[in-house]
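For reference, chains read A, B, C and D in written order, and residue numbers begin at 1 within each chain.
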Amino acid sequence: MGSSFGRLFRVSTFGESHGRGVGAIVDGVPPGLPLSEADLQPQLDRRRPGQSRLTTDRAESDTVTILSGVELGVTLGTPIGLFVPNRDMRPGDYQEMSNIPRPSHADFSYQMKYGVRASSGGGRSSARETIGRVAAGAIAEHWLRRAYGVETVAWVSSVGPVDAALPDPETLTRDQVDATALRCPDEAAREAMVREIQAARDDQDSVGGVVSCVCRGLPAGWGEPVFEKLEALLAQAMLSIPATKGFEIGSGFAGARLRGSVHNDPFVRKGGRLGTASNRSGGVQGGISNGEPLLFRVAFKPPATIGKAQATADFEGQETVLEAKGRHDPCVVPRAVPIVEAMAALVLADLALRQAARDHSRTK
Amino acid sequence: MGSSFGRLFRVSTFGESHGRGVGAIVDGVPPGLPLSEADLQPQLDRRRPGQSRLTTDRAESDTVTILSGVELGVTLGTPIGLFVPNRDMRPGDYQEMSNIPRPSHADFSYQMKYGVRASSGGGRSSARETIGRVAAGAIAEHWLRRAYGVETVAWVSSVGPVDAALPDPETLTRDQVDATALRCPDEAAREAMVREIQAARDDQDSVGGVVSCVCRGLPAGWGEPVFEKLEALLAQAMLSIPATKGFEIGSGFAGARLRGSVHNDPFVRKGGRLGTASNRSGGVQGGISNGEPLLFRVAFKPPATIGKAQATADFEGQETVLEAKGRHDPCVVPRAVPIVEAMAALVLADLALRQAARDHSRTK
Amino acid sequence: MGSSFGRLFRVSTFGESHGRGVGAIVDGVPPGLPLSEADLQPQLDRRRPGQSRLTTDRAESDTVTILSGVELGVTLGTPIGLFVPNRDMRPGDYQEMSNIPRPSHADFSYQMKYGVRASSGGGRSSARETIGRVAAGAIAEHWLRRAYGVETVAWVSSVGPVDAALPDPETLTRDQVDATALRCPDEAAREAMVREIQAARDDQDSVGGVVSCVCRGLPAGWGEPVFEKLEALLAQAMLSIPATKGFEIGSGFAGARLRGSVHNDPFVRKGGRLGTASNRSGGVQGGISNGEPLLFRVAFKPPATIGKAQATADFEGQETVLEAKGRHDPCVVPRAVPIVEAMAALVLADLALRQAARDHSRTK
Amino acid sequence: MGSSFGRLFRVSTFGESHGRGVGAIVDGVPPGLPLSEADLQPQLDRRRPGQSRLTTDRAESDTVTILSGVELGVTLGTPIGLFVPNRDMRPGDYQEMSNIPRPSHADFSYQMKYGVRASSGGGRSSARETIGRVAAGAIAEHWLRRAYGVETVAWVSSVGPVDAALPDPETLTRDQVDATALRCPDEAAREAMVREIQAARDDQDSVGGVVSCVCRGLPAGWGEPVFEKLEALLAQAMLSIPATKGFEIGSGFAGARLRGSVHNDPFVRKGGRLGTASNRSGGVQGGISNGEPLLFRVAFKPPATIGKAQATADFEGQETVLEAKGRHDPCVVPRAVPIVEAMAALVLADLALRQAARDHSRTK
């Protein structure tokens, strides 16, 4: 219970970090869509560990196989099964931690919930679980681009205490984001950010950060009042990503400090449509897209697993010191960029289908 | 599509702000629970307009009637129908706005989505829709208190630029929160907050704010990985409340600036159970409650409807000036307190039932 | 849990037989549809008790009020709240049965499930619960007729051992069905059927029957493989009606006795479309409508509550004799006709919206 | 949309008949349950083609692999991924049929629904899709047996016009059913049944049949009024199996011919519990199990794909004659036995978990 997301465009993921592999089923993908593994692999490659010194060096090729739902390069409208085998498993890394729940990790809460847990790695709480999401999100994105021209671009907007300047969300591209392994388009901030990460790594420590995201090109009308508002589903989607602690749309927490006369986005004619002069709403009003770019931010805490010694207690409550073994990201935000994009695309694809049903349900 | 929330403890709301009334059906309420309208009315009274000069003066008694699911003062386990009639409707207030979509309000996006919209007031995007949630949440809260001893207390933690000091989340009570109409327990900050709201009202303007919330007493084990993590469902629930722009759990965005060695919550023995020495996690790890208090914050933008003149455009794109009539809150956060509590309780009741199923599914 | 049906066109019902009233929320109704209570009342009138000597004489006007979701005679696309108050409650009729579970009624199983039950009448298991379905189904039907030209006509096809001849499903109308209170279009069988019911009534007994139904005008393509096949959802819908024991589509159980070469429906050109020469499939192949009329049958057992003395046991297992008081239908099938139509329309409206989403999700 | 079933114990299947393979994800399996492939394989072997001359001779070993959710032989409470590769694919068999939709098969309706379809075999409408269900159902069954002592036994109760006598549902075992490849425990009827199937096969034809099923040992209280009644979900589950045309519970259609005084099941003391003297209800009253054995029947039409020449039309409406190639079952009911059992177990496991949540939600 809990491993599925979406109503009409619906992903269900499976797989532990140290089992046979991870994957997903995606039900509700529109039929007749040209699709092959080559459409999915680029986002998986962007998510993959070992891309640079800034991330974990677990070596995984993360090559996805489509198991079903596609024939002769075209989707059948039936569930698409996706699978990525695990290769570089080193359960031994985790053995000595078995009786010490890692602070701020899921070891303790999984044990309390299930009465049992994967004996090594993070099981389902591992970042490895996100592979299924990224593959599924790549399908969503692929369809949204073709059907509506929707583009989704996420980037690193802060690392530890270092904030990047806001890029122009109307024009930012993935190529600009991927210009460096850090995935921050602000050249000025990059050097300080990289230093933060390297210092954390050198200290056997970790550091948090923020990923920002823009979705462009979606029409007005997506989002389902009242509990499945566009921003509500985005918030759920983002807070379902491991290590996230916050979500803001548009003006976010800063907007809560303003007056309405300052905060409101006045309407203006924009070509053939009605648009807004500013975008503090972040592209959504009353839970429904208004045709402006969606803009939101996601806070990631510093990874919980660190090599640095931590005074803590074991499962029996005995005081102890933990120095975690294994290969860990000192900072997850560069690799989180495609995960945020994937979750955004999954939300949008589902809402697009729901609005398509409504748009075509009108009687004369 | 979108007016239901929860899987096992499930609320479905209905009603427009200027129709016959608003209400909800709550399915999945445990049977045998003593319940009457008197258990629901207090939270509705806290949400009611016209409680003080700080809020709108629309006069509504908001008296709830239980239509079904309760007999002889005890729940039957069947759906509980709830209804609150609308009384003080003044559609005339809205007439002149009919061709001018209010900036940052839902008029435009509803029109684009549905091709039609309620001719007056906010329809489903109105704060009035939250009555059904508050009544349903009061049932959830009532059950959680009896079944698990869970207590939920929200409070105003900032108004405009004024921040309150953090109260002790382990001991804060609703009585302390309700000591003043502002619902901020920080005496030192209160005066400045009230001034902010009154100044906004005097300027025919509005101002935003933040509501914080603590849930105490929940056991470890609630929350469903991976897409229905406790914090993910809370984020959805909170961002489904009108006028919200952000959600943080535990350390939130501030946590993203820290190192892991600083951020991690070390385990310690706490009486008979394993607890954490600090609570930057906000009571949740890997999407599952860890037995510490849940702590989260919700950002509310300044209300969009203001009397102050705004340069904007009408539906046809013609430039115009809007001075909204009608009765509007200059600041929603005092009245949002019971709404945040209600949504939190709805999330927790659902996850409690899901974990109850799991806890009792073990084989020997 | 269990009082909602449908994914995009979704009804949630509430209400006990002897509480304040019964009703429903219908979410997902297309916006812009002309609708008023006058569109719903006719089917409620057909379902109403006291229409003739053949049914119970509980006197209820069953007048429906639309609480929300409609303004100025047009649907808003928001949830439609529906309410019908209970008037002719006589809890006293049920008092003496309180310690004797009625044989083949829900008294015992409700008590075992919930540990509590409505003290009188059938609570949620009462036929009165179906009011919400019929009102909701009338909306579904109203939309299907306007949007697709779909027509649904059910009729009584057997009463006890008396079978009617199959009418022409392509042309049968509701007026023909309603020509007599029995709702059986076969004049030849009618007299014997009425005799069966009157004899059962005279004996303080009850008798079962079968309702058949045809849905005409639906296009090919409705139904969602694999678990939500058109016939699977129809089967669920029909077996959710109180007192049902069986469902058949097309050839049904009789088809299981045939050879494939006899049973198969060969394709033929029918005007501009491909149709089938026979219709043993009942309008569905592989779980998807094929453009031919849907044809199915629903078996209703004899009502469990009878005045005739029954040797049985009370809740404590003591042998006793029960002679049920209260007003009961000797045969439910005449009043079940609009209920079967309502459930069929609810299934079709939901599948129509799901296919509309798919039809409009194609990329070029 | 449509490839998932269940709310708390939830299966999602994937895979085409002629793609890489078929499988399922099962979410919500209770944690701590001993489980390995050896627990699943027996039911897959019973479903497997090529078991005898009575079924298709497509040669598949149908060996299942558990991809996730199990570690060290014990379930983790996380999604269990299941996969069975396809081996004996012969797409060539289907080539010449590509422009002729097989009568009463899904070729035409899939094409109309999706605008595209698997170029060979039945795609998702193939019996091969049921592998995922059978594997998932074996998990459900395994848990139900350990947690509640529930036993599910299905058998062939008719083939074409030949009916078997009703075995004693209280004592019938799978071993008795599997005594012959036909899976009919009535020795007297078996010979005539086998003759029916062999005659159909010799004529390049097919023949229908009925599978009956009993579930023993479930407690009173399972089933969710009003739309998810036990019999309603069973009906959906059974009508979702390919080639089914009807469902009956308890007395079924025959019960519709009776008087209430004859049909009602009087209560009697049965050891420590209240039971019923007869079981025309089929183990369910008001949609809720009453503690008596569940008894139901499922009608299967004759397989649509036959070698015998059929006059029909091609997709363009041109008259033609089809003689289907490929390997087809002349009669599906022997192999349908484990599929019916699997679907029954999936329904029961889900309802058991839902009732577990309720049972443990009571407050003092």
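Operating definition for what follows: contacts are C-beta pairs under 8 Å (C-beta built on N, C-alpha and C of every residue); 3 or more make two chains touch, one makes a residue touch a chain.
The structure displayed is predicted, hence computed values, not measured ones.
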item: Farthest chain (mean CA position) relative to subunit C; value: A
item: A-C compared against A-B, more contacting pairs; value: A-B
item: Inter-centroid spacing, subunit C versus subunit A (mean Cα positions, whole Å); value: 45
item: Rounded Å distance between subunit A and subunit B, as computed from the means of their C-alpha atoms; value: 26
item: Residues of subunit C whose C-beta touches two or more other chains; value: 1-4, 7-8, 13, 31-32, 77-78, 113-115, 124, 225, 354, 358, 362
item: Residues of subunit A defined as touching subunit B within the complex; value: 1-5, 7, 13, 101, 103-106, 108-110, 112-115, 122, 124-125, 129, 158, 160-161, 200, 203, 205-210, 219-229, 231-240, 242, 244-253, 255-269, 274, 276, 280-282, 284-291, 297, 299-306, 308, 310-315, 317, 354-355, 358, 362
item: Interfacial residue positions of subunit A with respect to subunit D in the complex; value: 1-4, 7-8, 10, 12-16, 19-23, 25, 27-28, 31-32, 65, 67-69, 71-72, 74-81, 83, 113-119, 123-124
item: In the complex, subunit D residues that touch subunit B; value: 7-8, 30-33, 77-78, 143, 146-147, 225, 352-354, 356-364
